[in-house]
Every structure is written in structure tokens, then in C-alpha cells.
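Two complexes come next, and they have one chain in common, chain A, joined by chain B in the first and chain C in the second.
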Partner chain A sequence: MIATVFPLVGRRLLASVLILLIVSALLFFVLHVLPVDPAAMSLPPSATIAEIEAMRREMGLDLPLPRQYLIWLSQVLQGDFGSSIHFRRDVLGLVGSALPATIELALLSMIVATVLGIFGGLMLFHVRGSRMEPIVDFGSILLLSIPEFLWSLFFILIFGVALQWLPFTGRLDPDLRLPQGTGFLLVDALVAGRFDIFWSAMRHMVLPCFALGIAFSPTIMRVLRSSLLDVYQEDYIHLARLRGLSEWRILRRHALKNAILPTLSLMGVQFGFLFGGTLLVEVIFSYPGLGNLMVDAVRNADLPIIQAVGLAYCAVVLVINTVVDSLYLVLNPKLRIR
Partner chain B sequence: MTFEIERRTLLQMLGLGVGGGVLGDSFAAFAQATDAVTIGWPSDVPGWDPNLRFTPDAQPIFKLVFDQPLDQNPKLELVPKLVAKWDMAKDGLSLAVELRDDVTFHNGDKMTAEDFRYTFFERLQSPLKLDIKNSWRKVSDIEIHSPTKAVMKFSSPAPTAPQWLAFLGSYVVPKKYMEQVGAEKFGDKPVGTGPYKLIDYQLNSRIVLERNDTYWGPKPKLKRVTFEIIKDPSARVAAIQSGQVDLVINVPVREVARLRLEPTLAGEINPITRVILLQCRNDQGFTDQNIRLAAHHAIDKAALSKAFYAGAAVPLSVPVTPGTPGYLPNFTFAYDPALARTILAKSGYGPDKPAKISFASTNGHFPSDYDIARAIVQMWKKVGIETDLQTLEYSKYFELNRGAKLPDATLYSWDNGTADPEIFAGYLLNPKMPFSAFKDAAIGDKIANLFSMTDYSERIDGYRDLAKFAVEFGATIPLLQSVQTLARKKALAYEKFGNGWVLANTMRWG
Partner chain C sequence: MTRAPPAWLRSARVISGLTIVLLIVLCAALAPLIAPHDPNEQNLVATFLPPAWAKGGDPAFPFGTDSLGRDVLSRLIFGARVAMLVAVLASLGAMLIGAVLAYVAGYFGGRIDALIGRAVDVWMSFPPVILSLILMVGLGVGLRNVILAIILVDWTRFCRVLRGEVLVVARKDYVAAARLLGFSHWRAITREIVPASLPLLITLVSLEMGIDVIVEAILSFVGLSVSAETPAWGQMIADARQYIYDSPWNLIFPILAIFFAVFGFNMLGDGLRRTLDVRLTATQRV
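Coming up: the complex of A and B.
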């Protein structure tokens, strides 16, 4: 198995480097042709036009674009993503402090999406051909048509304002302090033995995770359902029935194993979208992650942060897709044989 | 034979997945003790070095941790703070200050004239990119005469230096501590002289402050202040409604009326020192003064205020807010569509042969901006001015202006916490500054003259004349005095400042 997975990871890493290079070039050129002036944004309102021109020269904005890109790329390769125009702080530090929060949020949301997607898929499959089918089908389409930011607002209104069951701002209750560590709050809380922090963090993540998870679950539901429908046409399912196996056992031991593979591929792709979806959800829930940082950066024309966050999004999606593809190989023996 | 999952099993599994005990205990609202307050704030501080960036929204937070040499009272008059007395030389080339001798920083160090000199002169010579370098570029030296007495020396007259000592970024920082730890570490653990100390900071999420019990000035009533950074306006409304915060600012105007209906909440729409205006070019479609003046006469500002600010935004005839020194209470630029048509006709335009101009507005940069612009397009259409409204990102304004690519008119919002007219007409119309779209050398000369005028009354009169001239010349089209919206628990009182500062050290319960 390892002999099959390693070359795939190697090929993926090579492709990832190329993709990151292309994305970095696209990000750089697109951002630099936009009519925004990072020099003016980096100076106070009382700056004169002459001072802004001087700043443009200092920032290298008067150089030809390809040269600006090569300078930036060589700095990035040395781990220097520059300094934020707005915060006047090292960009790598800012992105590094926000990234764990977003990864944590995206992973938990993906778990929610997976659980809901699989349960929903099974339910859709279960009610096929019955009078319930159009109702459940309608429900899944309804879920599919509501975007994550709308779920966020619904949840805030229902569970935050009307019922007042759950908090919807930040990551922790006001009287708790973030533990030192990796930045992954749940992990840090457990390592520090602070179950009060863990509990508070979980409660703060319920609404954003469900907003993201529910929005991304219907696709999983529908793919799983159609995969199950395909699998149930296969001979080995009929054979299993002839052998007298129970329907539950057929589903669990035979059908689901095969039907889950296309669903897994889809989940890899979905994770990319879900990771991007954190942007608005983080702003709505005041969740201090990459999305929140990005929205501010766009508002302030903070190009170094936009570039770094863009690359971080790209890198995370590439890593997740590689992991999912590797998992696909591990779970599907037929691919390993080839 | 069909596949069956027991319905009960499925429901149980779903129930476990969704409920999972997570919603087990009901959410307890953050009931406030009488010595604490939680504030929903729309933006984070750009860092904890108060000299670093000029961010208006961050000033009410900085003012809790740091002190300024001078301060403003709720009417925006200059009042002593760390500087007990000040005296501007007649030639405007020096400012003598006398500091209080009872001020200590949070780390116990005494604040002296050395710290004052370090903040406003020595730090400016460092390679650090500090915004206050810009506001204090005229400082050539600060002479220290005693631990409490110093004289600021300027390379050219600086008549508004006292105003700037109470404005953006002018906070005294501790020389010894700053040199000891460096600017970066200072940002991680800031030390000021203010009424509160920073005890917890989570970027883009939360700021927790605790009362400085050894504060030299009036002790705040509340022991703890928490700022929740809530950038989305709807989420801020939800936060105050759910009781998760005690006060929020910048909520949508229409929500204020709704929140007022809540028995425990108070909603406010307060006019502040911010003007909404049209920045005009003096070329292309706006080369003709008649078109500029007709465009101004055609706008019904009272109707805009009523439609978009519940009537609370005051219609303006000059780019200055009422109650500030440069305001002209007796000058009115009339809303007169008939006159607009007459003026346009002089240049050969009218509803049948409309003058064509370009027009842009931000969308979401300040409350109802794009809606105001759309209404103006309709008002112009009625008199014979045709335009295609474009959306403009605020961050693009400077670049477009630099490249002379701004449209003929741009809807713009301008904040001036000092209330001094220099930072209204003086900045907005100065062709050497990045805001002015109207590049007129004669206006530029007038402003250059006012920038160095040291006699206060003469200077204020000069700015009044400039504002009136600019409006009558069609160099600017002031629209409304902007408002700050605020919602709070009724039991929470605070002091209102004319520039929109919401200061936690003035808050109290009951």
C-alpha cells in the first residue's frame, strides 16, 4: 500500500509546487493591476501627494511588475512574506496566528457536513420510491439552495437571540483566556487540561460549524444516495441477498464501502469550497481566523496579507486534496493493484 | 426485498448527531456585574503602539490605555490632560507645555518631559514607520527645561499643534520601557498612563481591559471593560439584542428604531463631526461652474436625511459640521430645482438636452452611501443632469485621484475628531493632499496661507470664508452631517462626545 501511496504523494507535491507558483503569479499580477494604491493606504490622511510618491518608490511600486514579482517571490522563498501595510507587522506571524483557528473551524465543519451528509444520504436512499421521497428530496434541495452566510444569520437569530442557547461571537467566553500553544484551541485546551476552555470553545464553534456544515452537506447526501443506487444494482448485492444476509449487514459490509468512494472524492473537493466559505462565516461570527484577516486586508488594500492568505488557502486545499486522494488509494484496493 | 433502516434507529442517530448534548445547557447571557461592561466594537486596533497608525475607530480604545497631552471635552473644546498648561508663541514656531507631575505609567515609572520629548521628537527620527511622523513633521526639537516643562520647536508655523496634541496617534509612550523592550515587544505588552491596563488581547476577536487603580485622574466607575470585535452590523444588532454585549455602535439606522422598541434597550442616532459630501473635479464634465452649481441646487438634502438617517443627519451648506468653530450658521445654499434648471439653461443644458457627468459612490463604506447616491442621480435627472452611477471601493479613491481618474463627482465621507476647520475644508480642498479632487491653484494658495496663520480668530474667519467661497464656486457639494448610531442597555449610561467617541471610562450602570 505504501509503495502505491508514496509515488502519488510525490507526484502531488511536484504538481502542488507548480500550482502554487501559478497561483502566486496570478495573485500578484491581478492584485497589482487593480486601481488601489498601497502607498496611500499605508500613510496617514495628512500625507501629501509628494510623500505618497516617495512611499511608492520605497515600496518598489514604481518598478516594472515582473521585476516586482521576482523580488517578492525570492523573498517568499526565504520565508519573508513582507510586512502588513495596515498592521505594520510581519505577515507570516499574522497569518500563522490566524490559520489554526480557520483550519480548526473548517475541519469541525467538515465533520458536521460529513455526518449530516451521510445520514441524509442514507435517509434519501431509505425513502426512495416511497411517498416520503419527494418531501425529503425537496428538503435536501432546500438545504442546497441556502448559502452558509444565510445559515449563519438564521442560527444567530434562532439560537443566539431568540432562544439564547449559544454564544455567537469569538472563540471563548469573556472570562477565559486563550491557552498558550499551537493555536488550535481545542488541542491546546486539552493539553493544558482546561476542560472549561474546551467546553467554552466547543460551544462557540457549534453555530459556525453547523452553518458551514449544513450548507455543504446536501451535495454529500445526494452523491451518496446516487452511489448507493448504483451499487445496489451490482451482482454482489443480489448475491449477498441470496446468501440470506440482512439488509443492514449488506449496507454496512458491502454497499456503503463501495458507495463511499465517490463521496470521499467529492468531500475532498467540497473541503476546498468549505475552506473558502469560512471567510464570510468568520466575519459574521467574529471568529478570529484567516477569513476575518482577509476581509480586513481587502478593505485596507493590504496586498502583502491578501497574497499570503491567498497562498495559504491554496496550500491548505492542495494538502487536503492530496490526503483525500491518498485515502482513496488506501480504501480502494482496485486502484492499488493497477 | 428492499433495504430497511429502522425509522426509530435513524431518528435516534440523527438526534444524537444534531443534539449531541451540545445544546444541553441553555446559554446564559453574559449578565453584567455593576463594575464591568462588554462593548461590541466594529473594528480591531491596528496594534498596540498608539503612535503607529491613524485609525479613527481605534482612538476610543487607545484613550483608555494611553493618555494624550491634551484632551477634548464632550463639546470638543481643548482641555488639559497630561499637559496642564500650554502656550503657543505668537509666531507659531514654538509651543511651551507644562506637564503634570503626578502621572505614572502602568509599570510604575513616572511620566516626565523626557517621555514627551521621546514621543514627539526622538521616536520620529527612528526608522519605524509611525503615522505621527507625519503629523509632527514640523517638530525640529523639543527643549526640556525641567521634568515637567518643555518647549516644542517647529520648523514652520504650526498653529494647530495644540489640536494635534489631542488628535489621532498623539499618545505619550514611556521612553525607558520602549527602549528597554523595543517597539515590537511594546506592541505585545503595552504600557501607558491611561485609566485602564490591557490584560488580554486576541487579534480580531477581543480586548479585555482592567481599571488602573493608581490612575492619576478621575477613576473610572467600571473595573473591567471588554471589547468584542464584531465586524458584521447584523451580528452587532444580534449581540445587543441577545444581551451578549451591553453597547454597540454603528448599527444600521433602520435597526435603531426597532431596537428602541425593546424594553431594556436604548437606541440613539447622534450627529457627529463627520460630513458627507460630493468631492468634485474642476475639469471634464464639471469644467463648467454652472453645471457644478446646478448639481448642488438640485439636491434635496433634507429629503436625503429623512429617507436614510431618520431625519437626524443635519443638511449642510458648508463642508463643516454645526457647533464647530468653522461653521457658518447664517449661510445657506438653497435647494432650488428651478434655479438649477435656470443655471443649466445658461450653459445650454436642460431636461431635454442633459449635461452628462460621471458619478461614483462607495457601497457600504458608510451607512446608506449607495442609496444616497442613487437618490441624487434621480434628483439630477429631474433638472437635466444625466449620470451613470458607478461603485467605487474606498481604497481605490486615492489611486484614482492620483492618476486623475476619479469621476466628476464622488460621494465621500470625512471625519474630523478635532472639529478644527483646518481638517475640514483645509484638507478636503487642498490640491496638494490626496483627498481633494478639485485641483485649483487659487484655493491651494488660500489654504497654504491659512496653514501658517497663527492668530486663532483670523484663522477661523479665514476658513469660514474659504468654505463659503468653495461652495459658491462649486468646488465642493456638502450634503449632510453624518450620524453615529448606537444601541445600549438602558441601565448603562455614558457621556456623549460631539466627535462620536464612546469612552468606557465615562460609563456607569444604574
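Coming up: the complex of A and C.
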């Protein structure tokens, strides 16, 4: 099995690298048609025109755009993303400290979305044809109409402000210190044996994760339901019934195995959207991840950060897509023949 | 003799969705007539008034006032203008680009299909929110650029879904027959394939309008959309978030406005999908 899956995954990875290259070129050109002058921004306002011109030449801004792109790309390939105009810090360090926070948030939210989506999908399927169906179906459209940032605000109003059950700013209580390590706070806290930090981080994650998870679960529910409906039309389900198997066993051993495949490939796409959705959730919960970094950079027209963060988002999405595709190959034997 | 209304007008979903959408469109169109106050009129002696039915509310401000004493109801009504403008223009623009590319890709196939497919792949590797933010940086702030950014991001939604449909329809016998009769490619696409995929297209536009309302709210929340004098729902949320302890009501009303708009478009889209799709069976259509 590995022998057949491996080349396919390799080809996917190669395609991802190519896409990333195209994306980086697009990013560079979109951001450089901008009327903002990075040379003028990196100098004090009292600088003379001659000084700005000298700075432009030093930064390579007088070269044609494709040349500038190649220079930038070769620096990026050496791990040099430049330094932030606003923070005057190394961009790689800034992105590197924000990325784990966002990945942690996105992964936990995806788990919430998956659990809710699968339970909801099974429930939607279970009530098919009954009087409950229109009500549950209506409920799923209702859920579909509430995007993650509205959930975030609702949750802050209810659990943060009104009931005061859970914190809703940052990643940790202000009196706790971040342990040094990978940047994945939950992992770091466990490794360091600091259960107080783990608990505090968990409490801070509950509201943002549920806001994202609930917002992205209805699509999973609806696809799981419709692929279950399709699978139940198949002959082997009828045969299983004739053999006298219980409904539960048919669902678990026969139907779900096939119905989960379209759901899985949808979840790959959904994860891309969810990863983008973290941006606003982070802003609302003042969560120090890529989203907050990006929004700050956009407000300050901080090009090096915008470029690096844009690339980081794309790279994560491409990695996820490759993982989901490989998983699809592993789970679906039909695709392995070749 | 009255004819029975078409199937899509008898669906409860379509009717309720359409009612909500028309209500919001009416609010947007007649905003200066129905809004009780000027949305920017400040009333600094009456800030953070609760809604009229709550204790301490003033009947002159049915939904209360915000941090500058501006009437929340009037701002909501005027905010509908921005939301609906973006929803209509951006979804039609995205549909135009996405549909044209989908018809070209699905009908001609081969190399041009592969090229368009790669372009969609590149676009899909960006989370939509991130791509629209980056485009806003490149284009500059303002309502026109919000619409442009949404069009440039969301054409893939149409292209992806529609291409598959066109691929199936274009290989049907009646399309081949039309070509044999001497129809040009243009005529075969516009007369034979477009009508067959129209139900899907209409459904997608309706759902896209809901998405556009959300994206506009996100961009105006971050402060990249309209200028401060134009009321927009996202902006109201951003303002109210700073005073969450003083007046939660200020936050709740724009949230509900966005929710109702999106819900209306989703109901309409879902209802249209069920009633217009000829391949669904009678039971699935209920």
C-alpha cells in the first residue's frame, strides 16, 4: 500500500511547491502596485528627498519588479524574510512565534467542528422522513447562517460578560508566564509539567474554539447526511439488511465506511476556510496569532509581514490539503490501483 | 383564469427567504424615508440609551443609542445600504467571471480547462478572508475596492461548482445535435448549456450574497471598508465591542442584522436549490 500511496503523495507535494511559488509571485506583485513607499516609511519624517532616493536605491526599489521579485525570492529561500517596517524586528521571528498559536487554535477548532459535524450529520440522517426532519433541517440552515465572528461575539456576551464563566482575551491569565518551548502552549505546558498553565490555556481556548467549531460544523453535517443517503441506496446495504444485521452494525461497518469519504474531502476544503476564519476570531479574542499580526500589519502597511504571513497561511493550507489527500488514498482502496 | 404559481414560489423556504431579503432591500432603498433620525446625528447627552422597551429607554430611540448618542435603529437601516450594495454587485461580478470561465473550461475541455483548473487551485490555497485582506492592501480602502476584492476572491466558488455541471451537460446528446445542426460554439453554449445550468447558477448567486454580507462586515469591522461617516454593520460591531460592558445592546443589534440578512439569503438559496433542480426526486424536494 505504501508503495502505491507514496508516489502520489510525492506528486501532490511537488504540485504544492509549484503553487506556493506562483502564490509568492502573485503576492509580491499585488502588494507592489500599492501607492505606499516602503523607503519613505522606514526613514524618519524629517528625511530629505535625496535621502529617500538613496534609501530606495539601497532597498532595490528602483529595479524593475521581476528583478525585485527574484531578489526577494532568493532571500526568502535562504530564510530571510526581511524585517518589519513597523516593529523593526525580524519577520521570521514574528511569524514563527505567532504561527504555532494559530495552528493550535485551528486544530482544536477542527476537532470541535468534526465531532459536532459527525454527530449532527448522524442525527440529520437519523430523523430522515420523520416529522422532526424539517425542524432539524431548518436548524442546520440557521447554524449555517451564523459565521464564526458572530458566534465569537455571542459567546463573549453570554459566557464572558453576562455569566463571567470564561476569560475572553489572550492565551493565558496575565499573572502566568509563557513557558519557553515550541510555542504550542498546551504541549509546552504539559512538557514542563505546569498544569496550572495548561488549565489556564485551555480555559482561554474554549470560547474561540467553539465559536470556530460550531460555525464550520453545519457543512460537515449536511454533506455527511447526503452521502449517507446516497450510500443507503446501494445494493450491499439491502443485502446487509437481508442478512439480518442490526441497523447499528450496518451503519458502522458498511455505510459509514463509504459515506465518510466525501465528508473527509470536504473537511479538507473546510479546514482551509477555518484556517482563514481564525483571523477574525483572533482579533476579537485578542489572541496573539497570525491573524492579529496580519491585521496590525495591514493597518500599518507593513509589507514584509503581510507577505510572510500570506505565505504562511498558504503553506499551511497546502500542507493540510496534501495530508487530507493522502488520508483519502489510504482510506479509499479504489484509488490505489494504478 | 389564474395560473398556479410556479413550484419555486410555493416553497415555504423560498417565500420566507424572499420576504426577509425584500424587507432588507426595502430598508436599504427607503432608508432616508423610514429612518427616524439622521444616522450620524450625535446626541451627547443621551449616550448608551438602552432599547425603548428596557428600563430607562427613550421611545424616540427604539433600539437605543451608541457611544456618541447616535440612533442605533437609523444606523442599522442605513447600514443595510452598504450590505445590500455589496451583496448584489459583488455576487453578480463574481458570478460573471466564475461562470464565463466555467463555461469555457467545461465546454472546450483540454488545455484551457487545465489552465483554469490550475488557477482555481492557486486561488483555493488562500483562505478567502486572507486573500481579500491582501487585495484590500493592494487596492486601497473604500467600498468600490471591497466589491472588487470580493469579486476577485469569490469567482472560484462559481467556477468550481459550475465547471463540473457544464462538463456533464456539454457531453449530452442534445448539445451534440445542436452542433451537428450547425450551431456555433457561442450559440451552443448560450442556447443549450446556459439554460440547463441556470438553476444551479441562481442558487449559487443567492448563497454568495449571504457570504458577501459577511465579508463586507468583516472588512468594515477591521476598518478597511467604508469611511467613518457611512454607517455599516461591521463598523457598528467594532464600535460597540469597545463598550461591551456599558451597552451590550449596541453589539446585539448589528449582529442580529447580519444574521437575518445571511439567513434570508441562505433560506432563499436552499429553497431554490430544492425546487429548481430537476434531477432531485420528489421526496428530496420537500
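The criterion applied here is as follows: the second predicted complex is superposed on the first by the 321 of 338 C-alpha atoms of A that agree within 3 Å, B and C clash if a C-alpha of one lies under 4 Å from a C-alpha of the other, contacts with A are read in each partner's own complex, and residues count from 1 in each chain.
Keep in mind that, in the parts below, a contact is a pair of C-beta atoms (placed from the backbone, for glycine too) under 8 Å apart; a residue touches a chain by one contact, two chains touch by 3 or more.
Since this is a predicted model, take the numbers as computed values, not measurements.
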On chain A, do chain B and chain C fit together or clash when superposed?
clash
Touching A:300, do we find chain B (first), chain C (second), both, or neither?
first
Which partner does A:156 reach: the first (chain B), the second (chain C), both, or neither?
both
On chain A, which partner's contacts cover more residues, chain B's or chain C's?
B
Give one of first, second, both or neither to describe whether A:65 is in contact with chain B, with chain C, with both, or with none.
neither
Touched partner set for A:277, first chain B, second chain C, both or neither
second
First (chain B), second (chain C), both or neither: which does A:89 touch?
first
Where does A:239 make contact in the superposed view: on chain B (first), on chain C (second), on both, or on neither?
neither
Figure out whether A:23 sits in contact with chain B (first) or chain C (second), or with both, or with neither.
second
Between chain B and chain C, whom does A:317 touch in the aligned arrangement: first, second, both, or neither?
second
Pick out the stretch of chain B that clashes with chain C after the overlay, from 73-81, 199-207, 253-261 or 487-495.
253-261
Shared chain A surface residues [contacts with chain B and with chain C]
34-35, 153, 156-157, 161, 283-284, 295, 299, 301
Sites on chain A touched by chain C in the complex
15-16, 19-20, 22-23, 26-27, 30-31, 33-35, 141-142, 144-147, 149-150, 153-154, 156-157, 161-162, 269, 272-273, 275-277, 279-280, 283-284, 294-295, 298-299, 301, 306, 309-310, 313-314, 317-318, 321
Contacts from chain C onto chain A in the complex sit at residues 121-122, 124-130, 133-138, 140, 210, 214, 217-218, 221-224, 237, 241, 244-245, 248, 251-252, 255, 258-259, 262-263, 266-267, 270
Hey, which residues of chain A end up touching chain B in the complex?
34-37, 40-52, 86-89, 94, 97-98, 115-116, 119, 122-123, 125-126, 129, 153, 156-157, 159-161, 163-174, 177-178, 202-203, 206, 232, 241, 247-248, 250-251, 283-288, 292-293, 295-296, 299-301
Show which residues of chain B lie in contact with chain A when the two form their complex.
1-5, 10, 13-14, 17-18, 22-23, 26-27, 29-30, 38, 40, 43-44, 46-47, 52-54, 129, 131, 134-135, 168-169, 184, 187, 200, 202-206, 208, 226, 228-232, 234-235, 238-239, 241-245, 393-396, 398-400, 402-403, 405, 427, 432-435
